[in-house]
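As written, the chain order gives the labels A, B, C and D, with residue 1 at the start of each chain.
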Amino acid sequence: KNQGRLLIRCEDRPGIVSAVSTFLHKNNANIIESNQYSSDPENGTFFLRIEFHLDDLNDKRQELEQQFSEIATTYSMDYRFTYGSVRKKAAIFVSQEPHALVELLWEWQNGDLPMDIEVVISNHEIAREMVEALGIPYHYIPANKDIRKEVEAEQVRLMEQYDIDILILARYMQILTPEFVERFENRIINIHHSFLPAFIGARPYERAFHRGVKLIGATSHYVTNDLDEGPIIEQDIERVDHRNSIADLKKIGQQIERRVLARAVKWHLEDRVIVEGNKTIVFQ
Amino acid sequence: KNQGRLLIRCEDRPGIVSAVSTFLHKNNANIIESNQYSSDPENGTFFLRIEFHLDDLNDKRQELEQQFSEIATTYSMDYRFTYGSVRKKAAIFVSQEPHALVELLWEWQNGDLPMDIEVVISNHEIAREMVEALGIPYHYIPANKDIRKEVEAEQVRLMEQYDIDILILARYMQILTPEFVERFENRIINIHHSFLPAFIGARPYERAFHRGVKLIGATSHYVTNDLDEGPIIEQDIERVDHRNSIADLKKIGQQIERRVLARAVKWHLEDRVIVEGNKTIVFQ
Amino acid sequence: KNQGRLLIRCEDRPGIVSAVSTFLHKNNANIIESNQYSSDPENGTFFLRIEFHLDDLNDKRQELEQQFSEIATTYSMDYRFTYGSVRKKAAIFVSQEPHALVELLWEWQNGDLPMDIEVVISNHEIAREMVEALGIPYHYIPANKDIRKEVEAEQVRLMEQYDIDILILARYMQILTPEFVERFENRIINIHHSFLPAFIGARPYERAFHRGVKLIGATSHYVTNDLDEGPIIEQDIERVDHRNSIADLKKIGQQIERRVLARAVKWHLEDRVIVEGNKTIVFQ
Amino acid sequence: KNQGRLLIRCEDRPGIVSAVSTFLHKNNANIIESNQYSSDPENGTFFLRIEFHLDDLNDKRQELEQQFSEIATTYSMDYRFTYGSVRKKAAIFVSQEPHALVELLWEWQNGDLPMDIEVVISNHEIAREMVEALGIPYHYIPANKDIRKEVEAEQVRLMEQYDIDILILARYMQILTPEFVERFENRIINIHHSFLPAFIGARPYERAFHRGVKLIGATSHYVTNDLDEGPIIEQDIERVDHRNSIADLKKIGQQIERRVLARAVKWHLEDRVIVEGNKTIVFQ
């Protein structure tokens, strides 16, 4: 397509929107969608996401980027262009519970998740059949904490082989090492089965049951080296009550996990999510 | 304050954002919030709402507006400036059920609804005490369909006397004539006690009960001459079930009505609502 | 399993719960869950659903039912026993959009929908592969309004062949004749893609878009001969706004349709739904 | 009125419902609503709440209770009768933010909270006018951690003077001593301004802001001596995003706090809440 996106972060000061919109106008690009946010109009940080249309965009990319670098320098911008014609390459990691993977595969088949799923990696064999039926390579890599380094070396090798842009942890129940996480900063999306920061760590549904909460939730976030403390992309909840067993909470929770992860992945793929410190700006 | 808003509607074509943002930049106005929407990037209608800060804005208003008129002419813009220092003047109409009025009064006292409540008009005496306790004039105007013209003549007189900008029908149960409605086009906000377009007209809770719906709702909309068919500003719902009587639905519904009307009024006061045909654009 | 359910409807009068619970107690049945509802404690209709456990239930069914018939006669009860060991036999009808079918298949595979899916019937070939991959027969029956009688004759034949208890219309876009509907009274569950009674009939998302609603929904109901007017089992909604195109509404709506239909089917399978007039009692 | 409630907790074993319903039937009481829950049908704890109607109930209370004591002994029941004609006496504690108090006062005036508000106690003067306008005594008791004992001595004196059944902490920002809490076990209802167990303790909105959550909530719970760890009665949430400041979160949160506390109080007043360990059973 001839659709492009421009994402900008810089110190907020007068004239940024004027400079960027004038630049796009002069280059005959038509703004389709524009979102901006300033953490503070006085000396805060300014964020801008513009989606634009430009005829023959692929031929003009280099020139456009070159021209923009001047403006970027003037305003000390941290910026990036992305192009609708370039789909992101995804790897999905999964363990024993396939519900979140199933949702991603289905929405992807339905045309709702603009990515190429290059590979699925699992420490179990449970999802092999459904993944391979869609023509997606499935790599079984047994994992446990004693062989973490070897496992990750193999995973990194696959990420490189498939030139992966985004790693989706669709209920992958292994801890990742700091080395691994750093290598894919702000590119690993996890789904945690609680309303963070409640119930960080293991067995959140059991703990929600014993605490007697009246709502349970799920949280999708970028993975950092602080367990379940990374920047939150999306959260949602469902109502529960005293009649629900732990098994019920898990079933209800699966439905929440499915939709929360799928939304977060979709927004990431559309470059709507900007990480700022330990928080996200989501331009919807 | 030194805060202003610029609202624009025009045919979508390249260069609008560039022109407007460059104008504001040259006038030393700092953009605090900016929202835009195009009904169609090709030949659609373009809408823009900008909230800006400008030192000594009150002194510069005339000059700013004069200068902008050139751009407006170039792009054939329908536009309007509003100023944070000028609060809108509101009249609230109410009948027998005061819950929606109570919510407005409370949020207003709490500083959440930036308006001056100039007058409350009712065809009942029920809310007089609470209104007058806040120092707001209360006009009792008995009403029924046989004396509609006389009633409205008196109401129009009061609207003029108090120089009213916005009429809020907080469960006012009288039909307004086309003459009255036209006089205050897109300035009368009603709360209807159903999830429109379900249950248009009278007794929506009774009809919801008999239909056996599992959710009930409320809708805030601008009043037009098609009953309950005006542009919708906000809607919300609550879950109900077979155990709920009609009386229960009314109680539950009151809570929805309160918050839906208060939100719609707030967004209107902040110039976030733009009417386009029979729909609204709400820039949040 | 040794789990049974007893569903009762009768005129409300004192002593019913006492009689039924004493009967179960004397027969050594342990009440696991009990729900009751009276439309009016004075001369209303009383509804009771009891889930019980009884060792060797299958051997005792006949005796239990025989003994209960006396109480049923005394109180003029309309009642029915069902048994956890007897799974309901389902047929799923689908047209061109498979999302609701996909959800049902997935939840069924996951053990969340206690039914045997005997057959899937469609007027399109689109879902054949995924259905047959699960070992479920797929019958392609082209349909249009001119051949309705022939189509339904074939469908009825299949319903009899497979001894079907429940027909699920998972976005089946053909009108059924009164003869067909009557044959399966209160056993055909449909998903309608609007928040009924709003947008009855065709193209609800288009109409929701043009009306400018701020919430869209889906409704699962039993099919009657009044189009989209049958007893509602479940409804849900999602928030939308002016930025959403008709295509967006369809995508968002698919997610609602999926979960609303799956919930309604689950409750029907667990005998939690009682039809009373044109409404349902759902014992959760 | 002639309405009564019977609440029972005992070891689950066969025959309880039969015994209780037969008892009520023999005494000509008509069951209006009945809810039961068993933590485990085998050796679990059984809970029952029955709402019944009995002509001339006030004259028959003593006899009814006397007769029931036999059944209670047989099944080792922990039980209690309450009567619609006896309204609970409430004290409301509030500090500087009156929104939760305002909601309670309004719903109480509207007839939705069946209690007598005997007294409002505050360590600020802010709410005096609105409370006294309703004819409710207002006691200003300055408080800080250094004079906690004296403050509580005065508060206990007032609780005794007014014969208080339920203490509602409507954003009362002082810690209570273990002695005070124990004296009113399961009778002090607090509203905490977070989705517990997230953000236990002080400044939850600030912490929610800095954590970057996408939903904020409020929790109503019984007060125990573990801060914010008491049995949860009700919770609810609203969606927020990166644009919301801490001040916004507080405003949005106030709306959640208001409705969550009002619901919890209502259910407590209707004897729908049973505390079991650190959890609640809420019979709706």
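Here, a contact is a pair of C-beta atoms (placed from the backbone, for glycine too) under 8 Å apart; a residue touches a chain by one contact, two chains touch by 3 or more.
None of these values were measured; they are calculated from a predicted model.
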Checklist entry - Matching B-C on over half of contact pairs, by residue number: which of B-D, A-D or C-D? => result A-D
Checklist entry - Out of A-B and A-C, which chain pair has the most contact pairs? => result A-B
Checklist entry - Which integer distance in Å separates the CA centroid of subunit A from that of subunit D? => result 42
Checklist outcome for this item: Distance in whole angstrom between the CA centres of subunit A and subunit C is 37
Checklist outcome for this item: Multi-chain contacts in subunit B, i.e. residues touching at least two other chains, fall at none
Next on the checklist: If we count contacts the way the header does, which residues on subunit A are in touch with subunit D in the complex?
Outcome noted: 37, 195-199, 210-215, 217, 231-237, 241-243, 278-282
Checklist outcome for this item: Interface with subunit A, subunit C side, in the complex: residues 99, 102, 106, 110, 112, 133, 251, 254-255, 259
Checklist entry - So in the complex, which bits of subunit B are touching subunit A? => result 14-15, 17-18, 21-22, 24-25, 28-32, 34, 36, 38, 41, 53
